[in-house]
Amino acid sequence: MTDLVTFGETMALFTARRTGPMRFARDFDLGIGGAESNVAIGVARLGHGTAWTGRVGADEFGDLIRATLMGEGVLTHAIADPEAPTGLMIKGRRTADLIDVSYYRAGSAGSRLSPGDLDLDLIRSARMLHVSAITPALSASARETVRQAIAGARAAGVPVSLDINYRGRLWSPAEAGAWLRETVGDVDVLFATEAEGRLIADADGAADLAKALAALGPRHVLVKFGARGAMELSDGEIRHAEPYQVTEVDPVGAGDAFAAGWLADWLAGASPDQRLRTACAAGAFAVTSQGDWESLPRRADLRLLHGSADGVTR
Amino acid sequence: MTDLVTFGETMALFTARRTGPMRFARDFDLGIGGAESNVAIGVARLGHGTAWTGRVGADEFGDLIRATLMGEGVLTHAIADPEAPTGLMIKGRRTADLIDVSYYRAGSAGSRLSPGDLDLDLIRSARMLHVSAITPALSASARETVRQAIAGARAAGVPVSLDINYRGRLWSPAEAGAWLRETVGDVDVLFATEAEGRLIADADGAADLAKALAALGPRHVLVKFGARGAMELSDGEIRHAEPYQVTEVDPVGAGDAFAAGWLADWLAGASPDQRLRTACAAGAFAVTSQGDWESLPRRADLRLLHGSADGVTR
Amino acid sequence: MTDLVTFGETMALFTARRTGPMRFARDFDLGIGGAESNVAIGVARLGHGTAWTGRVGADEFGDLIRATLMGEGVLTHAIADPEAPTGLMIKGRRTADLIDVSYYRAGSAGSRLSPGDLDLDLIRSARMLHVSAITPALSASARETVRQAIAGARAAGVPVSLDINYRGRLWSPAEAGAWLRETVGDVDVLFATEAEGRLIADADGAADLAKALAALGPRHVLVKFGARGAMELSDGEIRHAEPYQVTEVDPVGAGDAFAAGWLADWLAGASPDQRLRTACAAGAFAVTSQGDWESLPRRADLRLLHGSADGVTR
Amino acid sequence: MTDLVTFGETMALFTARRTGPMRFARDFDLGIGGAESNVAIGVARLGHGTAWTGRVGADEFGDLIRATLMGEGVLTHAIADPEAPTGLMIKGRRTADLIDVSYYRAGSAGSRLSPGDLDLDLIRSARMLHVSAITPALSASARETVRQAIAGARAAGVPVSLDINYRGRLWSPAEAGAWLRETVGDVDVLFATEAEGRLIADADGAADLAKALAALGPRHVLVKFGARGAMELSDGEIRHAEPYQVTEVDPVGAGDAFAAGWLADWLAGASPDQRLRTACAAGAFAVTSQGDWESLPRRADLRLLHGSADGVTR
Amino acid sequence: MTDLVTFGETMALFTARRTGPMRFARDFDLGIGGAESNVAIGVARLGHGTAWTGRVGADEFGDLIRATLMGEGVLTHAIADPEAPTGLMIKGRRTADLIDVSYYRAGSAGSRLSPGDLDLDLIRSARMLHVSAITPALSASARETVRQAIAGARAAGVPVSLDINYRGRLWSPAEAGAWLRETVGDVDVLFATEAEGRLIADADGAADLAKALAALGPRHVLVKFGARGAMELSDGEIRHAEPYQVTEVDPVGAGDAFAAGWLADWLAGASPDQRLRTACAAGAFAVTSQGDWESLPRRADLRLLHGSADGVTR
Amino acid sequence: MTDLVTFGETMALFTARRTGPMRFARDFDLGIGGAESNVAIGVARLGHGTAWTGRVGADEFGDLIRATLMGEGVLTHAIADPEAPTGLMIKGRRTADLIDVSYYRAGSAGSRLSPGDLDLDLIRSARMLHVSAITPALSASARETVRQAIAGARAAGVPVSLDINYRGRLWSPAEAGAWLRETVGDVDVLFATEAEGRLIADADGAADLAKALAALGPRHVLVKFGARGAMELSDGEIRHAEPYQVTEVDPVGAGDAFAAGWLADWLAGASPDQRLRTACAAGAFAVTSQGDWESLPRRADLRLLHGSADGVTR
């Protein structure tokens, strides 16, 4: 049973092992990453059936993406595009406190996603459709794919979740704002940082921002403050979540983990308080080890946030 | 001249190089580890003759254990058991703050230790016998070996040191408690965390716990609080030790280092205050670099706890 | 559609990166391996649906096995045994020409396989059941599992394939011979090296050996000569296959690759000549790169055995 | 003094450290590579002044290319293009005998080379212009750049060297052939494999092929047979070179090394026999260690082809 | 145009990858390092022409030094000394907070620097000569080289910068003090830690120390307090700089970065306030990633000290 | 019981992991190496008590040497010299077929060996003294140490073994020849390559060379032909040994292994034929894996030269 359906671009990911300018890095790890597939993995680890669709190259990196997602238990439809290669991300640590990410995704297989790639029946029978605002920035066909997916979901009464995930290298704030304004009225759950929220709403404080965003349509608005916690406005009520105190190892993927935690608890029918707590816990847990998605928690992992007496389990 | 004799199971140790769930770790280091041999190395580095006995497989890992301990100057009697392999430990870092250790030691060579493996003459001529409560949990023959060793030491007037080192994967608190209650009356020096002490004594505060433990027989009771220091009750007098402020790199082995520091200073005839300070310093130093025992200090290293002006020596 | 069903023990696999005595190896890779799951991967890569069942520990290595097999497209039923850990293999290169493999599988989760773990319906609806003679050597319950699986297959008219895969560390030649003699009458396809064939048949040359084995029941007998090719006796007719000339990188897994190649072509309805050629090609290809199963070929890979003009594709 | 001027696309190069399908590679090295810059390095190591021009991204990989080439003593004009990233190569070893190279160069900075990037004065004052037929396949502006460079050189009486370096992923044989036919009349030195020569000339044997190529214009035609040596047709005279017997470590870059060896000796005024011998020696030497260009020889290195008595220098 | 000229010994640098006693380190990186060449790189990255002269061995490490410095855009005169090898540094991390550096430089090529190696014309036409007090401690000829360089600069009106960089393994405080007292009168810019300043001046507080140093001749005296900032006394006026709060990754090279920042802004004609701020920023930035000089900032990097909202750029 | 006593310089050893010019190597392993200690390890592995004496620095590398040799069971007297550092070797693979070794040993602790460091009683009670002609080339005191050791052995009737081990970087052929001529009359066993033999004897063929060497004193003359086997002249009788066919991984240490094999069998009282066969087998085995001494065989290893059927043991 597929509870949550998502789609988007997932890429091969080279991660430098040395802190400093990447030209001095000598060893790189190979893995994969993608905002939507991260969410699919995260929700699956928390106990729900998830599915992901995307285009990959007919190449080793495409095979790696397919095998990795299948291995994580995500129902995977990784279409091999014979015309374009799998996109790449290169990730490093510029300084102890600054992650640097660059992309080779122009013209990639993933950006060539088109409406025909979707399985609308799967979307209609799911309990949630999750999309990010990265996909509409990839290409016209990808944007149309998002449009049709949301339309299909709404027509079938399936709620829609959107994580803004603004990427400044793909489009301008104005372009992103225009698309978001068109789309947000069809969205039920909206995830945004404060800066992302301000792409489409004008408000000073976070609470006012949440209200302004909710006024555009979403029933649930989640405003994320990074290491400083998060706020939820649902059905007119505002909740605050205190952040967990953790030692950060790799901040990438925290937002995807937050969304996964929230969506998993929504699917599980948890209370609003519990749901927000799980979202924050998942986000916190995800930064305590290396990797964009490898560190996503299972239910049992969440208790590790409290540690053991001497920090050693045996 | 062998000042301190110990025995137990030492294992090959694979350490994951990546922080996160171990299934995503790709590179592992090979080394060795074992609570008692760690103490033997630690006491040797602080200037005393030490000996260790144990069983290893007739395999590469057994050879590695033998070579490593001999290389550290420990008089090593690593009996090659043709019937069973050397035990393994797998160690990783689940999150920045949580070490995860698992074992492959069921039926291992090390667990097959038996009384005949001991050199009782060596024990009788030593100045201290050190054991841990890991060994009695390994097998009936290992438990009997501990019993005979302690009996032999006592008969010869050699004091006995015991570090509880409770391992929940090997036996239950009830089983451990039963054995400890049988044994502690024959022990002169007892090392325990608060939780370990409560396996056999019921008391609220640490001081009361130390007194309750001392009432069971040991002349010296050491209660360890991890990064928060330690307490010693010796000859009815309680001493507190403030912890050293260090940047922790690897917490594993801190307890063994503490024991080694205390025992080395006891062997050296240091004052009780100095002895406890050295124990804490050794424990603190041991967490400042990688490895269960590689980081054990020499006398000269202990001054490094105070650092140099710019953190660089040249 | 599952064409081939198999089951057995799959283990975590540590591979040393340095040639020489393993105690001097310092870096190890983590992966997985198991004879039957290797075959399941190999047949899947050559285009058929495969399924694998086994027990793993409720631990990181068990999760790794599950994720890896699922990622390779094998319908995976990896039962998490809460009572026992995932087995381990340690693999190294003793010299340039000699691979050394050791195991930590006594009492492992994988060895605790029992008849109830099987999905007999899946076996009955498959087109081939594949087993190895490693499984019966693991435990009484594992042996009974093999017995019931073969009985179930035969009752449903599903042919049975058996690769002898003799493991001298698990049982003696006499024990293996006894089990094989009991079982071989129920087998349709038998894979053996010459030495393995002689566990149950007494004959001088390879052809006579094949005939003696076929006389015990199997319709197809495959005798493997390693780098010197292979022989098939099917329906009374003997075929010889010349070996492919390749540069060997890692010989482990060649036998599994051979079986996978043969079984895939049998499932595809290829001619006997083609089938044997594919088996040899798969075996040859598998040794040209690192890993027990990573190097298993797809159909398109088999043409790479002929190389390109300058050994570089771009 | 710049003896040889060249230009083209140089890319960041990730090299997998494991033999096998690249999706299983876990560690990659970062370096750089590019056919023309390889030649520039090679000729510089053999004692002549060289210059290279190209576009790179305004990114870490562009900086790496600039630093590497400058470090090798090549007069480097690496124009930072703010609009496009540095191209990438991914290189691995599919099997022991097959290198696999893929590219991320569509729309790369390097492909945006345009005539204005050239320093025509530098070309006019050089003693040789070297180009490859990769550049015209990158973009219309890159093709025009080659055209103008050759025209500028010829107008100034500077001889032109062309290495065909056919890349099937960039253009078809027909497209390549058309461009080559247009261009070869302006070329003085032509490097080609047999297959490359047949893109524009129709002849059976290598000697006839060389003659057919020379008939199109070039005074010097070099036909390379990989590990089987090479042939030169200069001024109507054919010379054969026996290959050196070496243990191949990495075949990539052998062609560039051959060209570098020939051009360096041409610049040095060596005899035709010596020139061809140096070309073959440089090509042979380059495959004896890792890297596309790192292994290019200096004059003193060429004697290492004969080895020392026991294969150890000290 | 060469703005700043410097010279000294640059060495090959092996860096251990593991924290702890170096005998347990198993992997080392190869790079280079040298106080003066670090400054030359740092000033070049901040936008000025720099030149470095030194002796290296006629060996691979000498070639590595030459290529690295040329690659960084430093006008490099690395004289290959056929009689002596390139010096070595071995660098590790003894504990999380203590870097350990040792040297193999006795009799090294670098220590054989002699006056004839200098290009006095280059010094005379530069805008600043920078030296360290490491060079005079290397050998008599190296000391004489410093003397002649300073004399040449002064004769041509070129200001002289001196970083004390006291190395206790090369000479005693008394020896260093004697040389510094002889030399400081010819110096315009003096860089010192408090301890270094006290080699030649007797004063309690930092301000008094700065004044006492300035009284010996230098117009600009920079007193560095490591992570606690710095103080400048220029033309009788004292300025204090607050330290930047950064997460330290590798403290080595901070002093060279400080000097580079100050000298670059002096060359750029920045205001005294700005100059000191840039010095501190460069020093702070340099410790935020690995390597003695790899982490030296460009102008654009300095803004990274303020980080981005979520610590990720994309 | 110490059967064989030796002494000399042992160094820390950095080994590059990449084939090619060492300046492009990025990863180095740390280990140790020294001709005499290699022999001590080799003889110990083959079953005899051995002792080694040498000077090391009071540094991490000295500690590493001591721990490694003690770990190998060699009675180790590694004197920590407070005045000089442990010597270094840097080892790499220039091409697939050429190992490159360089040294940092001028002024090293090891070269400061002096007669007082020797334990003459240990030599007098041993059954063989083994020296190399590296030691006399290190320093005057080291040369005198060799002289006194040989004199002490002879006075006590202990036979002396000498491996010429000519090192061209330490002394000239003339210097070496002079020393050898002085010394060879006191030697009972002489190991030499043909080139080394010709330093002191003038003869065309190997047999004549052996006779000429024997005429200078040694009862046993061993002439080594590398991969082409060896010849022994003992008591006037010449024996030839065919080489073993092995795949070479690292040729360094083969000569030490040959000596160790011969000496171990001499100590064991083996027949001359067996002794020479063991010497060749040990030399052959030592090149089949990485490391100067790690690959030295035990008795049981020698049978691995014949391999197993499929090159895999399990």
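Chains: A, B, C, D, E and F, in written order; residue numbering restarts at 1 for each.
Note that a contact is a pair of C-beta atoms (placed from the backbone, for glycine too) under 8 Å apart; a residue touches a chain by one contact, two chains touch by 3 or more.
All values reported here derive from a predicted model rather than from experimental measurement.
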Q | Between chain B and chain F, the fewest steps along chains that touch one another | A | 1
Q) What rotation angle superposes the Cα atoms of chain C onto chain E, in degrees to the nearest 5? A) 180
Q: Could you work out which chain's C-alpha centre is the most distant one from the centre of chain B?
A: D
Q | Centre-to-centre distance between chain E and chain A (centres being mean Cα positions), rounded to whole Å | A | 46
Q: Indicate the whole-number Å distance between the mean C-alpha point of chain D and the mean C-alpha point of chain E.
A: 40
Q.
Using the touch definition from the top, which residues of chain F touch two or more other chains?
A. 21, 26, 29, 67, 102
Q. Hey, which residues of chain C end up touching chain B in the complex?
A. 14, 16, 21-23, 25-30, 59-61, 63-64, 67, 85, 88, 102, 104, 106-107
Q | chain C partner contacts - residues on chain F that touch it in the complex | A | 29, 246-249, 285, 288-291, 294-295, 304, 307-314
Q: Report the residues of chain A in contact with chain C in the complex, numbered from low to high.
A: 66-68, 70-73
(Q) Going by the contact rule set out above, which residues of chain A touch chain E in the complex? (A) 18-21, 24, 26, 93-103, 167-169, 193, 195, 226, 251-252, 254
